[in-house]
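Paired with chain B in one complex and with chain C in the other, chain A is shared by the two complexes that follow.
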Partner chain A sequence: MKRIVVHEEHCLGCRLCEVYCLVQHSSSRDIIKAYRQEREQVMPRVLVEESGPISFALQCRQCSEPSCVEACPSGAMHRDERTGAILCDEERCVGCWMCIMVCPAGAVRQNLAGTRIASKCDLCYGSEIPACVAHCPNEALTYEEVDLQEGGA
Partner chain B sequence: MRIVIIGNSATAVGAVEAIRQHDQAAEIVMISEEPLLIYSRPLLSHYLAGEIDAARLGYRPADFYTKHNIRPILSTRVTAIHPEEHTVETDSGAQYPYDRLLICTGGVPIVPPVPGADMEGVFTFTRYDDATRIEAHIARNPVHHAVVVGGGMIGIKATDALMKRGLRVVMVELAPRILSMSLDKTASDLLANLLEREGVRVLTENTVVEISGEPGADGDVPHVTSVHLRDGRGLQCELLVFGIGVRPNADLAREAGLTVNRGIVVDAFMRTSAPDVYAAGDVAEAYDLVVDMNRTVAIWPNAYRQGAIAGAHMVGVERPDRGGVAMNTVEVCGVPAMAIGDSAATGDEYEYLVELDERNNRYKRLVLKDGRLVGAILVGNVNRAGIYTGLIRAKVNVGAYRNSLLSDRFGLLSLPDHYRKHVVTGHGIEV
Partner chain C sequence: MALSLAEASFVIDRDEARCIACQVCVRQCANDVHYYDEDTDRVLSDTASCVGCHRCVSMCPTDALTVRQNPLEFRPHANWTGDMLRGIYRQAETGGMLLSGMGCDRPYRIYWDHIVLNASQVTNPSIDPLREPMELKTYLGAKPEKLSFAADGALVAEEMGPQLELEVPIMFSAMSYGSISFNACLSLARAARASGTFYNTGEGGLHPALYEYGANTIAQVASGRFGVHLDYLNAVAALEIKIGQGAKPGIGGHLPGEKVTRDISRTRMIPEGTDAISPAPHHDIYSIEDLRQLIYALKEATYYEKPVSVKVAAVHNIAPIASGIVRAGADIVAIDGLRGGTGAAPTIIRNNVGIPIELAIAAVDQRLREEGIRHRASLVAAGSVRNSADVVKAIALGADAVYIATGALVALGCHLCQSCYSGKCNWGIATQDPYLTKRLNPNIGERRLVNLLRAWALEIKEMMGGMGINSVESLRGNRDHLRGVGLNQVELDALGIRAAGY
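Presenting the complex of A and B:
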């Protein structure tokens, strides 16, 4: 399946991926409205880590044997049959945070606004290219066909 | 090939999903004591609290059985396993032959031998019918006071749910503190204080020694009205929940002559001592990589994973178990808490990194042994907790990075390059 590949050597730490991820997952999908009016309800699903000269953007690694799906007791965390993406069904999530406890990348986070549910990358479900990849100015994020080894990540 | 599964929860689903990933032809028969299709037991407290409806308890969509071509046999108890003949026998008198058998019978709630424990209004809290019986009892009777026996996971979840239904709850715990198996004193006290602030009385080093009741309006079974505690105190209550814990439901296996300690002993493929018989989940004594021995750990992630390992092996796919890590998460009055691995460890052989912010209900305790992370407690801020779990699983030497482990900016960048790249790319070091 297609996965987001992280190239830390190209990352400038500009955080545009976070900005466009947030906009993509806002209800207005408008950068001004998303930041001015929806900032409390929506959060980016990609996180830039930065330390000195090194930075990189990280979102769900789409593991081949996802710990979050194994650990989820509500059935919310699942693999989408059509695309293979690991998705969190927000209607089913009860916010027990099991997924957060087991994700080795720390790529699932609490969305504490409103219903308190787990928030993770959905590869911009339905889009051809995820927003973070599309808006990365330096190709530090690319979208490629990658097959992980069993047990990978 | 015919696969028989005794049980119908996380382990069974893990097994079925792994079997069908590799094999569409095998016949799967699933025998369950309960009348229901697969549902999620960890969600029962949310249901009892009124936060979700019964439909949300469904752990998999309603077409799970047809889609995976499973024959569910519900409301049926397996009464005997005959390993020699490769058959199981049920209380309906039927015999089911198997080529492969998976025992995932889970645990049974522990009820101490207290006089009066058979009264109306006394419950355990692990199954759907426990939740509905508690609901019915509250609806039919004037119930205002509840006693929850046990300050572990089940006790806390029951307390939380009853509190949200407006009951006054007293929690009675035998140990000197709540969640004593997985939390240290600081974390335990933090959560107990939160409970007390919400109106729950937490009584430790105490237990219920007698349950008293009066005849109810609807017949001659007495209804609970009060309990006596070990320290001589009496408490009024119209509802009592035993939430002490569960023991492996391994009687069938024991009677069939399988090797059973506390749970059914299994190898890395979840095979028991009997040919073609597997056991997984809460009933099995599987490998725990933190304590480096086999033991029973009744948690959902282990149950699912072990089921998947057993299922795969049944159809010829070898995915040896690298071992489980004990872990759990609970939310008390809106504050999440996690305990991972050897989280409550004490002793000179360990090193501890702790950070307490009492005012904001935040606490972190990391336990290191020989430079490796072996346990973690997180209260309040739990984001990115899985990075710690990953380090525990991979047994990464974090000695040189210990100073960054507690930092608010802790992340993958705080860690050894090769480990970070492995997590990010999914390739590289084998964990």
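Presenting the complex of A and C:
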């Protein structure tokens, strides 16, 4: 399946990926409205990790054998059959945060209200290319066909 | 501390209705112009250190930023302009020379813009480059003295010295690893290989990772001899002795110690953190005869397999200087004009020393023809070739090929803020700061440079086709295809062209 590949050596740490991820997952999908009116409800599902000059954007690795799906007691975490992306069905999520505990990449986060799972990359469900990849100014994120090894993260 | 009279060069307009306080501008400005104020949840700007590089403008996701020249005006004075006053204020405060990056920014006449090209109409046919072959291939190096024929009239192939084969008559001129980032060097090297042309190491030596591009590399030997060793000389396609540079004729170079990182110290073979100072002259070259010794020392060291170029700045007596260089045995003479760029030069030198490349190339081509030695060396014109028409005009004035550097850096994102010497290039080009060098992705850099050369090649073919010329060989020195507009007779004579209408 197609996955987001992170090229640390080209990441500027500008965090435009976070900006556009937030916009993509806002209800208005308008950058100014998303920041001005929805800032309390929506958060980016990608996070730029930084240490000195080294930085990279981290979002769900879409593991081939995802621990979060295995650990989820309510069946909210599941693999989408059409895209292969691992999604969280927020209707079924009970907010136990097991997924957060088991995620090897630290790529799942609580939503802003802290009750449910929100911060989970869905590969911008339905779009051809994820927003973070499309808007990375230095091609530090690419969207490529990558086969992970069994159990690989 | 006494009051500073240096005002901000720019003002920043932030459209508060569009700013989302995402702080991308804060993170992108190496000059710390933008900052986030937590108390008000707003991003603010302190314009004092803005250099006008537009990095923040390009990166702003909501187009909330505009950078304008500071509209603050002095009482108008044709002689004591604002620039003059600001220079004096700064020098009165610092007691130092003013520095600048890039080429001369004074409004000397740009002769390219006063030369127009010819096109075929009725009496001779133009050529459609989309339908007919159009040759841009160029060979640089000494050509045979004469044509010889066998008894049966067949052409006898003369022995010819080493040649550089260019797919397009455009090369990337000397920029050292140190003055520009490794990623910038790598972009140039890869683009040169992909486009079938050459880039030039400047005086920065050759980084081990760039040896694989040796076949598309011209290695410079300059007055500091940084990074020069036998493997370096033999790893590349041609050698270039740098005597002078258009941006700062007559003076040397200085790479400050803070830019001499571990990698650069190894590449240049100097201790880490020490200033790399290139003397103004080569201390072993005080005459044409001395130059000849170095040319032949390099030829000996490389088994006469590589053409040797000599690069000089365009100065008043450039024609006899070039003649001497050819007679000293150079296979290529590169001439860098007044407007040629640099990473750092005293502003006063950059803006006042040297002559425009258009006049220099015309004078040198003319002189070498008169002396019957034009074939002994190829001519490369450098010093602000801005577009494909400049290339065509340079070749028609007598150059074999051109060097571009400022144009290449612009393709990589340079916005000519002229602050290369600060080491804070926000575009990741003229910097060694690991936070900034990452900003230039060599994959993107290569692609953009290849695109630029491709686009220029297409345009050159169109222009040549219009003139009814199907080979760059037939364009070289073909001043009949040039006419001057708005030039006086002295200038027309210096360029060796006629006025438009004649």
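Keep this in mind: the second predicted complex is superposed on the first by the 149 of 153 C-alpha atoms of A that agree within 3 Å, B and C clash if a C-alpha of one lies under 4 Å from a C-alpha of the other, contacts with A are read in each partner's own complex, and residues count from 1 in each chain.
By definition in this document, a contact is a pair of C-beta atoms (placed from the backbone, for glycine too) under 8 Å apart; a residue touches a chain by one contact, two chains touch by 3 or more.
None of the values given here were measured: they were computed from a predicted structure.
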item: Overlay on chain A: chain C relative to chain B, clash or fit; value: fit
item: Chain A residues touched - chain C or chain B, whichever exceeds; value: B
item: Chain B versus chain C as contact partner of A:92, first or second or both or neither; value: first
item: First (chain B), second (chain C), both or neither touched by A:70; value: first
item: Touched partner set for A:58, first chain B, second chain C, both or neither; value: first
item: Degrees between the directions from chain A toward chain B and toward chain C, using C-alpha centres, nearest 10; value: 150
item: Which superposed partner A:14 touches (first chain B, second chain C, both, neither); value: second
item: Chain B versus chain C as contact partner of A:102, first or second or both or neither; value: first
item: Lowest C-alpha to C-alpha distance for chain C against chain B (Å); value: 15
item: Shared chain A surface residues [contacts with chain B and with chain C]; value: none
item: Parts of chain B lying in touch with chain A, wherever the complex brings them together; value: 10, 14, 40-43, 46, 51-52, 56, 58-60, 300-301, 304-305, 308, 319, 327, 329, 331, 336, 338, 340, 382-387, 389-390, 393-394, 409, 411-414, 422-427
item: Residues of chain A that touch chain B when the two form their complex; value: 5-6, 8, 47, 49-51, 54-56, 58, 61, 63-64, 67, 70-71, 73-75, 92, 94-106, 108-110, 146, 148-150, 152-153
item: Residues on chain C engaged by chain A in the complex (per definition of touch); value: 17-18, 20-24, 27-28, 59, 61-62, 433-435, 438-439, 441, 443-444
item: In the complex with chain C, residue positions of chain A that touch it; value: 9-16, 19-20, 31-32, 35-36, 52-53, 135, 137-140
